[in-house]
Amino acid sequence: MLASTLGPTPYLVLGALLFTVGATGLLVRRNPLVMFMCVELMLNAVNLTFVTFARELDDIGGQVVVFFVLVVAAVEVVVGLGIIVAIIRRQPNATADDISLMRG
Amino acid sequence: MSVLAADIGGFPLLTSMVVAPAVGAVLTALVSRRRPEQTRLIALLFVIGTGALTIALLAVFKSGHAGFQLVDRARWIKDPDISWTLGVDGISLWLVVLTGILFPLALLGAPPHHDEKPFYAWLLLLEAACMGAFLALDLFLFFVMFEIVLVPMYFLISGWGYGGRRYAALKFFLYTMFGSAFLLVGTIALAFLHAKGGPVTFDLRTLADNQGMVAATTARWLFLSFAIAFAVKVPLFPVHTWLPDAHTEAPTAGSVILAGVMLKLGTYGFLRFGLYLFPEASVYFAPFMVTLGVIGIIYGAMCAAMQKDLKRLVAYSSVAHLGFIALGTFALTTQGVQGGVLQMINHGVSTGALFLLVGMIYERRHTRQISELKGLQKSAPIMAGVFTVVMLSSLGLPGLNGFVGEFLILLGSFITRRWWAAVALFGVILAALYLLWAYQRVFHGEADEANATFREMRWTEGLVMAPLLALIVFMGVYPKPFLDRIAPSVDRLVTHVEHNSEYRQPKVATDGPRAVRAKVGK
Amino acid sequence: MVELLVFIVASAVVLVGALGVVFNGNPVHAALSLVATLFGVAVLFIAQDAQFLAAVQVIVYAGAIVVLFLFVIMLLGVDRSEDLRSDALTGQRPAAVVAGVLLGGSLVAVLVASSITGARSSGAKITTGVPNVNQLARLLFTDYLFAFEITSALLVIAVVGAVMLARRRKGTTVDADEADPVTRLGVGQDAR
Amino acid sequence: MTAFLGQLGPVTRIDTPPVAWSALLPVLVLLGGAIVLLVAGALLPRRTTFGWHATLTIVIAAGSIAAVVPLWFRVRDHGPLSVAANAIRIDGFALFFAVVIAGSVILAALLTDGYLRRENLEGAEPYVLLLLSASGGLVMASANDLIVMFLGLEVLSIAVYVLAGMHLRRLRSAEAALKYFVLGGFSSAFFLYGVALVYGATGTTNLSKIANFLATNVLAEDGLLLAGFALLLVGFGFKIAAVPFHSWSPDVYEGSPSPVVAFMASGVKTAGFAGLFRVFVFAFSSYRVDWQPLVYGIAVITLLVGAVLAVVQTNVKRMLAYSSISHAGFVLVGVQAANERGVSSAMFYLAAYTLMVAGSFGVATLVGRRGDDHHLLADYRGLGRTEPLLAFSFVVFLLAQAGVPFTSGFLAKFYVVGAAVDAHSYWLALVAMLSSVISAYLYLRIITTMYSDAEDSETADENPAGSAVPRLAIPLAARIALVIAVVGTIGLGLVPGPLHDASRHAVPRLASGR
Amino acid sequence: MEHLIWVIPALPLAGFLLLVAFGRRLGEPWAGWLATLMVVGSFVASVALFLVARGSRGGENHVLTQRLFTWIPAGGFRADVGLLADPLALTMCLFVTGIAALIHLYSIGYMHGDANFSKFFIFMNLFVFSMLMLVLGDNLLITFLGWEGVGACSYFLVSFWFTQEANASAGKKAFVTNRIGDVGFMAAIFFTFVSVGSIRYADLLGHASGLATTTATAIAILLFVGAVGKSAQIPLFVWLPDAMAGPTPVSALIHAATMVTAGVYLMVRINPVLAEASPWVPTLIAIIGALTAFIAATIAVAQNDIKRVLAYSTISQLGYMFLAVGSGAYVAAIFHMITHAFFKALLFLGSGSVIHGMGEEQDMRRMGALRKLMPITAITFLVGWLAIAGVPPFAGFWSKDDILLAAYHKSPLLWAIGVVTAVLTGFYMSRQVFLVFFGQARWAESDTTTGEAEQSAAGVTDDSGETSTHAEDEKVAPMVHASASTASSPTSDAGDDHHDVHPHESPWQMTLPLVVLAGLATVGGALNLPFLRRLLFLEHWLEPVVHFGEADISVATSTKLVLAALAGIGAVLGILLAVGVYLRGRGDRSKIEAPALANGWYIDSSFAAFVARPGTRFFEAVAWFDRTIIDGAVNGVAMVVRGGGDRIRTLQTGYVRNYALGVAVGAIVLVGALLSRAVF
C-alpha cells in the first residue's frame, strides 16, 4: 500500500485529460474500430476517476462501480464489433465517413 | 339565477344539440360507401333534427332572463375541475339558432360533387363542434370545441375545395391554431392563477364572477392572449389573410358555414370570454380593439373593391363586417354590444346567402372571376333579384337586417367613441361602392356568349334561399323579438364590466331621453 | 514521494498510450497503444489501493477486449493505415480540437477547484485490514446485488447480439442506392 | 450459487440482503421471459406459420403488466418499496412506467411479427432483445442508484443498437446501428463521467442518499456536482433525443426497422425520461434552480428545432423522427416545471405518446412495403383511397400528435402546459404551443398527401391513383396494434381521467427547492 | 281617422308586395293599373287626412300621429315605426301621391311593350312607399329608412335598362353619391340621440331651444350634408344628370318632383334646429343653393340632350329651394318645391312624350318643329316652359318671386345671383323649346349632318376623357365615376333607324297627365298668392311647422313690387335672348354652348380625375399592401421556418463524427452553463 501523499487531484486531472483525449480522438478518427478504442479510453478515464474518488472518500463502492463498467465495456465492444463486422462485410474498408447514406 | 334543464322536464336539450350531430356524423360514417343516398338521408335527418332542436330551444328560452338558461352540467375531468357545462343566454341563443338553420341550408344548398359520405360526416361533426363552442360554459370545453372545429373544416376545404384548396386549408388551420396556442396558454394561466394554489377550475362563471383573484396587469396579459386567438378567428386586421383564401377555396357549404358560423366564434369569444372574464382589461384595451375594428372596416372594404374574384370579394366584405362587430363589442355600450350580437346573426344570414349565391353562379359558369361574368340579370332575373336583396342587406339598407345591426353598432360606438364611429361610417359608403360595382359587373350589361345561356335559379335553390330572404326581411323590419332576448344578457354583461372597472357607459345609452332631461334639469 | 514517482511514470504511459491511440493511423498500432494506456491505468489503480481492479483491468481489458479488437481487425483485414494528415469533413478537426480543449479545460478546472466537497463515504469504508477482493466481493453481493444481477442481462444481450449481427446473411442488399431496380427488389435467402 | 457461497462461508460470509423478489416481478418476468424465449426460439423452427415468438413476447409483456397490478395496490396502500439494498425503488412512478414500457413492447411485438415475415428475418432473437431492452427500461424507471441506472441504460440501449441493425441486408439499417452505437457509447461515457463526479461530490451513488445529502448539506464547492449534473444531462439528453444531442435520431429512425423504431420512439424514450425524472426531478430536486434553466433552454431548442426540421423533410420516418424530437421538448417542459404536476403531466404525455408514435410507425411499417424502403411522402399519396382505414388511423395518430382535442395528444399537451404555467414558465408554455403549430403543418402535410390522388384530384375521378400500386398487405397482428393505438388515443382523449389519476397518484412527493 | 295614417304608405307597399308576388302573372297593362290604383288610393287617403286635419277645431292645424310598432329598441335608444302627419308631411303627401299617381298613369303608356313592364311598377310602388315613409316618419330613423329606400329605388330605376353599361353605372353612381350624404344623415341621428336621448322629431324639435349651439350646428350641418347628397347640390350633384339614364317617368317622379326635394323637406322639417345653429349654417346653405342654381343653369345652356337640360334645370331649381331655406323662407321653399314638382314633372313627361314619339331619340339637334305633330305635348310643354321661366302668372313666377324676395332680405348679392339664374333659366328653357318644337324638322336629315353632330358631341366629351367609359369602367371605376356623356348618346341610334322616325302624339295615358299637370303649373301659384294675407294659404297652413325658424321678412311693399318686376323682366329677357339666338339665328351658338359648359364645367371629369383615379390607385395600393405585405408577412413566416429548417438541416450532415461533435459541444455548453452558475 502506498501512502496517500499526492492527494486525489493529480489522478482526477489525469482522468479528465484521458477522457478528453478519448473524446477528441473519437471526433477525429475515421476508423470505426479506433473510434471504439477511444470510447474505451473515455471509460478508462471514468474508471480512474471512480477509483480516485473511492480512495478519497474512503468508500469501496467506487471500486465496485469499476467492475460494472468493465462489464459494460466488454459488452459494448462485443456488440460494436459485431456491428462493424456486419458493415464491413457489405462495404469493405468503409470508414465512419463513408457510412452516411442518411442525412438531412 | 339560471334556469336548469330540470325546468323543461329534465331533457338535456343543449347537450342533445351537441350530441345529435356528432351521432349523426358517426352514423353517416358507418353507412356503406356504396349507398350515397342513405348517407344523404341520414345527414339531412340529423342536421334538420338539430335545427328543430334549436327552434325548440327558442320556444323554451325565457326571454326576460339575463343569466344562463337550461344549464347542463356533468363532470368530465376531476383535477383540474373540468366539466361538460352547457348553457345558453341571450348572447349565444341566436348564434345557436343560426347554426341550427344555416347547416341544413348549407347541406341542402351546396351538396358535394364527390365523396358524399365523408363530406356529410365532417359537416355534422362541424355542427356539433360549433354548437359546443357556443354553448360551453366551461373554459376548457370551449377551447376544445373552438379548436376541434378546425379539423372538419380543414378536411372540408382540402377535400372538396377548389384549385388552391390545400394551401388555403393549411393556412386556415395553422393560422387559427397559432391563435389557439395563445388561447390555451392564457386559459390555463387564468385558471391556475385564479385558483391561487387551491383547486383549479375552468368553470366560466366561477372565473368570471370572482374578479380580483388575478392582478390587473396579469389580467391584461391574459386578455391579450385571448384576444390574439379571437382576433385571428374573427378575423381582425392584420391577422385576416387566412380568410380570403379559406373562403375562396372552400366548397360552397364550407364558405357558408365558415362565414356564417365559424367567424362568430371569434366575436362571440370576445364577448363571452373577453368582456366577461376580463372586464377591466377589456376597458383598457378597448381603444386598441376599436381601432382594429375600424381599420378592418375600411381596409376590408378597400380590398374587397379591388378583388377580381367574386368569392374573394365577399370574403373581404366579411372582414369589413366583422370589423363592425368588433367595433360594437368594444364600444362597451348597450347599443354597441347589442348591435354587435345582432350583426353576428345578420352577417351569418347575409353572407351565408351571398356565398350560396356565388356558389350557384360557380355551379353554372365554373368561374368566379368577375371579369368573366356579365349581364346575368337578363337570363336569371330571379337570381338577380335575390342577389340584390342579399346585397342590399349586406350593405345595410334600412328595412333589411344588415342595417339594424350596423346602425346600433355605429350608434353605440358613437356614444363612447365618436371619431372611430365617424371613420367607420365611411365603411358604409365603401360597402355600397364595392357591392354595387360587383353587382354591376356581374349582373348588368349585355351578356356575352358564355353568359347568355346562364340558367335561372331552380326551385330547389329558391327553397334554400327563401328562409334566408325571409330572415333578412323579418330581421330588418321587426328585430324586436331578437333584441328583446339579446338585451338582458347584454345589459348584464355591460353592467358586469362597469362593476369591475372604472368605466361607466354614458347615461344616455341606458336611459335615453330621461338622462338628458335629468342633465338639463340640473 | 514514491507515489509521485509512480504517478508520473504511469500517467506518462497512460497519456502517451492515449495519444498513441488517437495519432496512430494504423489500427493495430492504435490497439497496442491502448494496451499501454490500460496498463498505466492498472498501475494507478494499484497506487490507489485497488489491487483487484488492477488485476481485472489487465486481464479483462488488456487481455480480452484488446485482443478482441485485434482479432476483428485481422478478421476483416482493415489494418490499412489511415491517412491522418487531412480530414474530409471540413472544420471537424479544428472544431474537435477546440471542443477538446474546452471540455478538458473545464473538467480540469472543476476538478482542481472543487474536488473537496466534504462528502464522506456513506457506504462501506475501505478498510486496510481486509483484502481488497473480499471487500469488493462483499459489496458486490450486498449493496450492488441488483446491479450484479442485471449485468447478466447485459451479457445475454451481448451473446444474442453478437449472434444476430455476425450471422452471415445471404441475399442482396435491399437498399443500396446504386443497386438497379431488379436487385433492389430481389429477396435474399435466409441464412439457414 | 448458494453452494458456492456456502463453500466460502467460513472464510468470508456474505449476507446477501433480503430481496423482495415479488417486488421485482415485472422486471423478472421480462428477463426470465427473454431467456425462455431464447431457449424456445432455439427449439421452435425459425420460420413458423403462426407468430409464436410474437405471441410469447406479448404474453410475457402482458405478464409483466399483470405483475404490476398487485404491486400497484400494494404501493398505493403501503407506500413505496425499497428493494435490493435500496438500489431499486418500487413506487407508483416505476410501476406506471413499467406498464407504459411493457405496453410499447406489446405494440412493437405486434408490428414486428408481420415485418419479420415480410423481410424474411424470422427468428426469436429480435423479441429476446426487445424484452431485454424493456427490462432495462424498467430498471431505469425503478433505479434508485446511479450505477443501476447506468446499467439499466446500457441494457436498454445496447439491445436496441442490435435491433437497429437487425435488418442486415439494408445498408441503412446497419448504418443506423453504427451511428446509434458510436454516439450511444460516446454519450454513455459522458453519463458515466457524470456519475463519477456526482459520486465524488456526494460520496454515494444511491439516489436516496444523494437526495438526503443534498437536502441536508450545504456544499461550499458545488462545481463537481454541477459538472456532474451537466454530464448526466448529456447522457439523458442523448437518450431522449433532445437538441443538441438529437442528431442520431433522424438517421437511426430512418434506417432502423420500422417496428423497432416504434419501440425506440415509445419505450426507449419513455425509459430515458423515467431516468431523467428519477435523477433530476427526484434526487436533485433541491438543486432544481441550478438545472432548471438548462432544461428550459434545451426544451426550447428541442421544441423548435424538432418542429422546424420536421417541416422540411420528405421522408415520413424522418418527419416522425423530428416530430418525436419536438415531442421530447414537450415532455421536457414538464421536466422543467419540476413539480408534481410536471411529473404527472409528463407521465401522461409519455403514455399517450407511446400509443400515438407506436401507431404512427406501425403505419410506416406497413406502408414501407417489402424492403422497408417506401417511406417518402410520395409513397403515402392516395392512401386515403386505397387503404381508408389505415389512412384514417394514421390521421388519428397525426392529429393526436398535432394536439387536436378529443385525442390523447391534446390532453397531454394541456397537462404539460398546465404544469409549465403552474411553475410560472409562461413563455416556455407558449413556445411549446407555437412549436406544435409548426409541427401541425407537417402532420397536415402528411394527411393532405394521403387524401390527395395522383397529381390533381380534379382528374383523378377517372383514374384512381392507387390502382397502379398493389394493395398493402396488412397482417392481423399489425391490425390489432393499430386498433389498440387508435382506441387508446381517442379513448384517452375522451376519458383521460383514469390515466391521469394514475399518473397523479404515481408521483412521489417532491422535496422543496434549495 | 288618425289611426289610418298608415293607409297612406301601406297602399303602395301592398301594391309592391302584390306585384312582387303576382306582377308577372298580371302582366301588361294590369300590373300598371294595379300600381296606379294603389297610388291613387294613397292620394285619396292623403286628401281625406288633409281634410280631417284642416277641418277639425275650426281651421286649427291638427297634428296627427300614429305609432305602429317598436322597430329598434336598445337600451335607452328606441326607434318606433311611427307616423307623423303634420301640415308639412301632409303637404308633401298630397303632392307626392298626386304627382306619383299621374306619373304612374303616364308610365302605363310610356312603358308599353317593355319586357319588364311589371317590374317597373314594382319599383315605382316601392319608391312611393319609401317616399311616403320619408315624409311621414315621426322620427329621424324612419325618415332615414325612407331616405335610403328612395335611394335604392332610384338605383333600381336608373339602371332599369341594365343591359347598357351606362345605365348601370349611372344607377351605381347615384346610389353611392347619395350614400355619402346618407352618412352625414346617420351621423346627425347619432348626434341627436347623444344630445337629446331620442330621435323623435317631437323630442328633437321640441327641445331644440335647449340644444347647445355647437350641437345644433353639428346636427344641422350633418343633415345638410345628407340633403346635399339627396338633392344634388354642389358638390354632390354629379349623379343627377347621369340618372337621366332611367326611363323618363322615373326622371320625372324621382329625379325632378319628389325624391330630390327630400333634402329640402328635411331642412324645413328641422328648421328649429337650424334656428339654434350658428348663423353661418343658414348662410352656407343659402350660398350653396345660390351657387348650385347658377352653375347648373349655365351648364343647362349647353346641353343637347333633352333630358339633361331638364336635369340641370332641376339642380338649378333645387338650388333655389336651398337658397330659400338658407334665407329662412321655408314656406317659399316648400312653395317652390310644389310648383316645381308640377312644372318639372310636366316638362319631363313632355320630354318623355317627345322621346317616345321620336322613337327613343333624345338629342335635341335631331328634333324641331314638333309642335304640329305632337300638339298636346307641345302645348303642355309650353306651359311648363313659361312656368319654369317665371313668367307671370304661371306657378313658377310666384314661388320664385318669394324666394328672391327672401334672398334679397338675406343679401342682395344672393338675390343678384338668383336673378341672373332666372335670366339663364329663361334662356335655356326657351332654347329647348325652340330646338324641339320650333324651327325645322331635323330628324330626317342626312347621315353626314348627324354624324357631324355626333362627332361634335363626341369631341366635346373627349375632352373629359370619358368617351371610353364603358371600357374603362372595368379598370378605373369603383369610385363614383360615370359618364357625363353616356346618357346623352344612346347607342341604339347609330344611324340605322332614325330615317324611319315618324314622330307622333302619345296615347291618352300619357297626354292626360300632361294636361292635368299643365293645369296645375298654370294655377299652382294660387297656393300662396302674396296679394292678400288671406291668400297666403300655404303660409298659414305650414305656420305651426315653420314658426320657429321662418325669417320675418319685412320689406317694403314697393321694394317687393320692384323685385317682382325685375324677376319677371329677367325671365322675359332670357326668353328674348333665346328667341334671338335660336329662332332668328343671330349670334354664335357655339360660343354660348361652350365646351366648358357642355361638360358641366368639367366638374364631373375633374372629380373622376382628381378623386376617383387617385382613389382607385389608392385602393389598388391597399389591395397590393394586403397581398404583399400583410399576407406576405404570413407567408414570410412560413418561408422563414422552411428556410430555417433548410439551414439547420445542413448541420445534419450524415457523418457520425459531426454528430459526436454536436454532442460534445452540447456537453461543453451544459458544463459551461452550470459552472458559470457555480462561479457566479
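We call the chains A, B, C, D and E, going by the order they appear; numbering starts again at 1 in every chain.
The rule we apply is simple: a residue touches a chain if its C-beta (ideal position, glycine included) is under 8 Å from a C-beta of that chain, and two chains touch if they have at least 3 such contacts.
Keep in mind that what you see is a predicted model, and the values were worked out from it rather than measured.
Trainee: What chain lies closest to the overall centre, CA atoms only?
Mentor: B
Trainee: So which one's got more C-beta contacts, C-D or D-E?
Mentor: Answer by contact count: C-D.
Trainee: Averaged over CA atoms, how far is the centre of chain B from the centre of chain C? Could you give it in whole Å?
Mentor: 67
Trainee: Just how far, in Å, is the C-alpha centre of chain E from the one of chain A?
Mentor: That gives a centre separation of 96 Å.
Trainee: Centroid from C-alpha atoms only, then distance chain B to chain D, rounded to Å. What do you get?
Mentor: 43
Trainee: With chain centres taken as the means of their Cα atoms, state the distance from chain A to chain D in Å.
Mentor: Here chain A and chain D have centroids separated by 26 Å.
Trainee: Which residues of chain C are in contact with two or more other chains?
Mentor: 89, 92, 95-96, 99, 103, 106-107, 109-111, 114-115, 119-123, 143-144, 147, 151, 154, 157-158, 161, 164-165, 173, 175
Trainee: Which residue numbers or ranges of chain D touch two or more of the other chains?
Mentor: 147, 151, 154, 158, 161-162, 165, 168, 171-172, 177-179, 182, 186, 197, 200, 203-204, 221-223, 227, 250-251, 441
Trainee: Return the residues of chain E touching two or more other chains; collapse runs of consecutive numbers into ranges.
Mentor: Residue numbers touching two or more other chains: 649, 652-658, 660-661, 664-665, 667, 671, 675, 678.
Trainee: Spell out all pairs of chains that touch, sorted by label.
Mentor: In this structure, the chains touch in these pairs: A-C, A-D, A-E, B-D, B-E, C-D, C-E, D-E.
Trainee: Along chain E, where are the residues that touch chain A in the complex?
Mentor: Touch list, chain E to chain A: 649, 652-657, 660-661, 664.
Trainee: Can you list the chain C residues touching chain D in their complex?
Mentor: 106-107, 109-111, 113-123, 134, 137-138, 141-147, 150-154, 156-158, 160-161, 163-165, 167, 169, 171-176, 184-185, 187-190, 192
Trainee: Of all residues in chain D, which touch chain E in the complex?
Mentor: 178-179, 182-183, 186-187, 190, 221-223, 226-227, 229-231, 233-234, 237-238, 244-245, 247-248, 250-251, 290-291, 293-294, 297, 305, 308-312, 438, 441
Trainee: Would you tell me which residues of chain B are touching chain D in their complex?
Mentor: 77-80, 114, 140, 143-145, 147-148, 150-151, 154-155, 158-159, 166, 169-170, 173-174, 177-178, 180-182, 184-185, 188-189, 192, 200
Trainee: Which chain A residues qualify as touching chain C in the complex?
Mentor: 1-6, 8-25, 27-31, 33-34, 36-38, 40-41, 44, 47-48, 51-52, 54-61, 63-64, 66-68, 70-75, 77-79, 81-86, 88-90, 92-93, 95, 97, 101
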